[in-house]
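Chain nomenclature is as follows: A, B, C and D, assigned in order of appearance, with residue numbering initiated at 1 for each chain independently.
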Amino acid sequence: MGLTFARFYAEMDRNKNRLEKARWEIATGAISGAVGTFANIDPAVEEHVCEKLGLRPEPISTQVIPRDRHAMFFATLGVIASSIENIAIEIRHMQRTEVLEGAEFFSMGQKGSSAMPHKKNPVLTENLTGLARLVRMAVIPAMENVALWHERDISHSSVERGIGPDATITLDFALHRLASVVDKMLIFPENMLDNMNKFPGLVMSQRVLLALTQAGVSREDAYSMVQRNALKVWEERLDFRELLLADEEVVKALGVEAINEKFDMGYHTKHVDTIFKRVFKD
Amino acid sequence: MGLTFARFYAEMDRNKNRLEKARWEIATGAISGAVGTFANIDPAVEEHVCEKLGLRPEPISTQVIPRDRHAMFFATLGVIASSIENIAIEIRHMQRTEVLEGAEFFSMGQKGSSAMPHKKNPVLTENLTGLARLVRMAVIPAMENVALWHERDISHSSVERGIGPDATITLDFALHRLASVVDKMLIFPENMLDNMNKFPGLVMSQRVLLALTQAGVSREDAYSMVQRNALKVWEERLDFRELLLADEEVVKALGVEAINEKFDMGYHTKHVDTIFKRVFKD
Amino acid sequence: MGLTFARFYAEMDRNKNRLEKARWEIATGAISGAVGTFANIDPAVEEHVCEKLGLRPEPISTQVIPRDRHAMFFATLGVIASSIENIAIEIRHMQRTEVLEGAEFFSMGQKGSSAMPHKKNPVLTENLTGLARLVRMAVIPAMENVALWHERDISHSSVERGIGPDATITLDFALHRLASVVDKMLIFPENMLDNMNKFPGLVMSQRVLLALTQAGVSREDAYSMVQRNALKVWEERLDFRELLLADEEVVKALGVEAINEKFDMGYHTKHVDTIFKRVFKD
Amino acid sequence: MGLTFARFYAEMDRNKNRLEKARWEIATGAISGAVGTFANIDPAVEEHVCEKLGLRPEPISTQVIPRDRHAMFFATLGVIASSIENIAIEIRHMQRTEVLEGAEFFSMGQKGSSAMPHKKNPVLTENLTGLARLVRMAVIPAMENVALWHERDISHSSVERGIGPDATITLDFALHRLASVVDKMLIFPENMLDNMNKFPGLVMSQRVLLALTQAGVSREDAYSMVQRNALKVWEERLDFRELLLADEEVVKALGVEAINEKFDMGYHTKHVDTIFKRVFKD
């Protein structure tokens, strides 16, 4: 679970960088006249005003700022929204009744579904999935806005009056909602272990497969040896380790000790701290 | 015309920067195993291979590189495609029979339309307009690809096998075609002047309006004085300057000399070099 | 011009049909319980209520009406919006200063651009171009809404609360605005003729080309004969008919009378009434 | 499960209708000359050829068929693709290891994942999810194609050469793949029952709630009575029915017999045949 959220942290860290770049890119100003030639106003005025407003002067403008800047801005919002959807869907999966490894916070006294008192739907992350679509829908119109006729036509204006407030406010709301969901999330480690053991030991099949080939068994034979035991786990929910220990060919190839050693969970988590250092630096 | 293309130069310069950023962002590699835990392979292998390939190791991966990187990449291609459309549409407008201030290169011996020997359609820029749509259509699926289930599902794969080659090759082709169109473009300066003088002197109406208000005429009166003469130009194609010189009220407010001085074209081009310096630096 | 608007009439007539179909398709109702099984409520109740509301009962529902219906509805709005853009762009082209074959209504006393008293921009059709983008952006989220998890998740809800009112109200407004623009449009037939004669007689080049081939001249020779004269019209604005009459080869192939006859405008309009009958029926 | 697939049947039946309409709508032809006026060719030729080709003559065309027809066609493909995604996602959910109520066909000897011999991923439905995105991405460019300049420009052509074959072939492939997946699907009824009983009896909570209110208990009290027992099922996996029978207040309100009667599964399936009749007619 730590890895999952470290992954989302890294993704959102990239998005923070993207948003800062997009904000920087769009933060230009122009006071260059009706066709951008400074005919009636000196460029110094533009520079002065832009500085007061914390903007850079647009190097070359027409009546308006070129709209590729806005397209890039809304495209970036669309990417961030897609990451929100990514995290929301992960949580929705965790909260499935049959999985239940995590859930949006639900206080015990709180009312659930109006019809079904026991139901605990991931309503916030489902909502976030929809909000992501709403933000993302601004991307294409923002790109269609780039091709203004000559010094500008007014076609982009109605679009931006819509998507400007809608996409930014919706994304802001969604980011806050997501932060709050993650902050207060319920985590159920026992269920994680239960789910991993639903087919006892089967998650270690790849490791056994590798060990067999490293012990000199041909890839094809190794695959077949693992698969015939794996299928029994799958169909009859028997214990994979015990099946292997009862399979003469496997025991002959690996030995009892090595088979047992393959079921050590620590094998899979030994590099978690390495990854954390790569993500969080310090 | 120089300003128009300086504007497109600045826009494409921004796009070059964006493309370099997008390329950098997507240039990561991962050899971290089936669920990204380095269970069966040391992180040092990933580092070594990535270095050989000119990639950075993905700080935290699952079975795959996180797809927000790809979404950002295709979104950037979509912005660039929109800029191509922007330039293409400008040229298509210039090449209109009624405007004809510029045109795609057409050698005199070359065949035109198969049905109409005189027709010189802006076929390359019309084609570029369509190609821009083709590149842009990759943006939304690339964003929909971000939300993979858990360590990854395979839903993004078919999408990327389509949009990966299609969007990059189409954009590459479109950029080369656009460069060639701009490189060989025909420019018709006489037609520009003709078009400006279609309604003789009228392009100076804003300057006269400002001069009147600066001379102490109320905004409302100034507007009315300019408009009554402007409409005669519009409807009867009379000469705006002559009309003003024959308008007692205007002459009284500005004087003959000042009126004449307002029709100096240099007034509008005096800052062109300033703008060029801002765009091209040196 | 009549043909142009007959074409738009036909397009909007198709759109009216599509809208009626889309409305019919979406006009279903469901009162089938939390998972659509009528466990706690009899199907007869659904039928009764739907009838009162002018809806058809949804043959099989879950907690909600299936969202492919809504996707089809918003897709249809997107097509209609694209037709609005089509008509708007035609009018914007007509209103170009250099073309000026038509224009949005502009009363003589009305103020134009605040900066430029003579400017008459096609502000309404430029606005319609943007509004079309706003309506169209609802299409993809509506399609992304179709894949609800199991009996329904709530992800579609926030999307529909946004696009439901926004897309329908924007389209309604845009249709009314477009109708009003077309109703009051200014048409300038003299300018149409002027534009056609900008390159005198050249619009007849295809007809001459066909006549030459029908008179036994090879396609290649005919093309060359027409093109060499067409280019002189293009470059020196000479009269195409006079050039042909002075071209011995052309005169030899067609004869003077036949050449003159090729410049009869009625040749091109002879089937206008046929087309009108096809479009307007009676 | 029958209801789930009846629902998909109904959705795909609607899509079949839509596709037939879209095909009908786009099946027009035009041989009306370079600007659509039949100047050089009689309308009778168009009628004759169209009849031979199984097309209707386009009532009014320019050089091309109006592109709103194509927009509607591709929009319809996009809706169908979204329904494919809908069904694919349902199956992917069913095939989750923790749910396992259904799965894509997997023959026992067949190799699974190359790394993990036991893994049975829903690779076909994951692939279908991606293919749906590929088809859907054609919708917006097809709508952007509607606004051709005047009698036509060529911008739509490159778009249609791309999306024409790609969207239709991809959809055709996806429909066949989906049909094959559904045809051969594995269904696990025991797992369905297991999943329903994961929280024993809890699925009946809504019915108990309704019964309590119908027995005269206030909505608020009823909700509280159900919820306090539901939570124990949720947290301790106790049996809901037994908890209710041990809850004096509930027993007082409903009586033992009525409580027991509320756990009859037939209550939920009694209208299944009614629904089937509505969907399949006969």
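Criterion: contacts are C-beta pairs under 8 Å (C-beta built on N, C-alpha and C of every residue); 3 or more make two chains touch, one makes a residue touch a chain.
None of these values were measured; they are calculated from a predicted model.
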| item | value |
| --- | --- |
| Touching both chain B and chain C (chains) | A, D |
| Copy pair chain A, chain B: interface residue numbering same or different (half cut) | same |
| Most widely separated chain from chain D, with each centre as the mean of CA atoms | B |
| Whole-Å gap separating chain A and chain C, where each centre is the average of the chain's CA atoms | 41 |
| Centre-to-centre distance between chain D and chain C (centres being mean Cα positions), rounded to whole Å | 32 |
| Multi-chain contact residues (two or more partners), chain C | 34, 115-116, 136, 140, 144, 149, 206 |
| Parts of chain D lying in touch with chain C, wherever the complex brings them together | 3, 6-7, 10-11, 14-15, 18, 21, 25, 34-40, 43, 57, 59-60, 62, 66-69, 71-72, 75-76, 78-79, 81-83, 85-86, 88-90, 93, 136, 139-140, 143-144, 146-150, 206-207, 210, 267-272, 274-275, 278-279 |
| Of all residues in chain C, those that touch chain B in their complex | 96-99, 108, 111-112, 115-118, 120, 140, 144, 195, 198-199, 202, 205-206, 209, 223, 226-227, 230-231, 233-234 |
| Residues on chain D engaged by chain B in the complex (per definition of touch) | 34, 92, 113, 115-116, 121, 123, 126-127, 129-131, 133-134, 136-138, 140-141, 144-145, 149, 153-159, 162-163, 166, 170 |
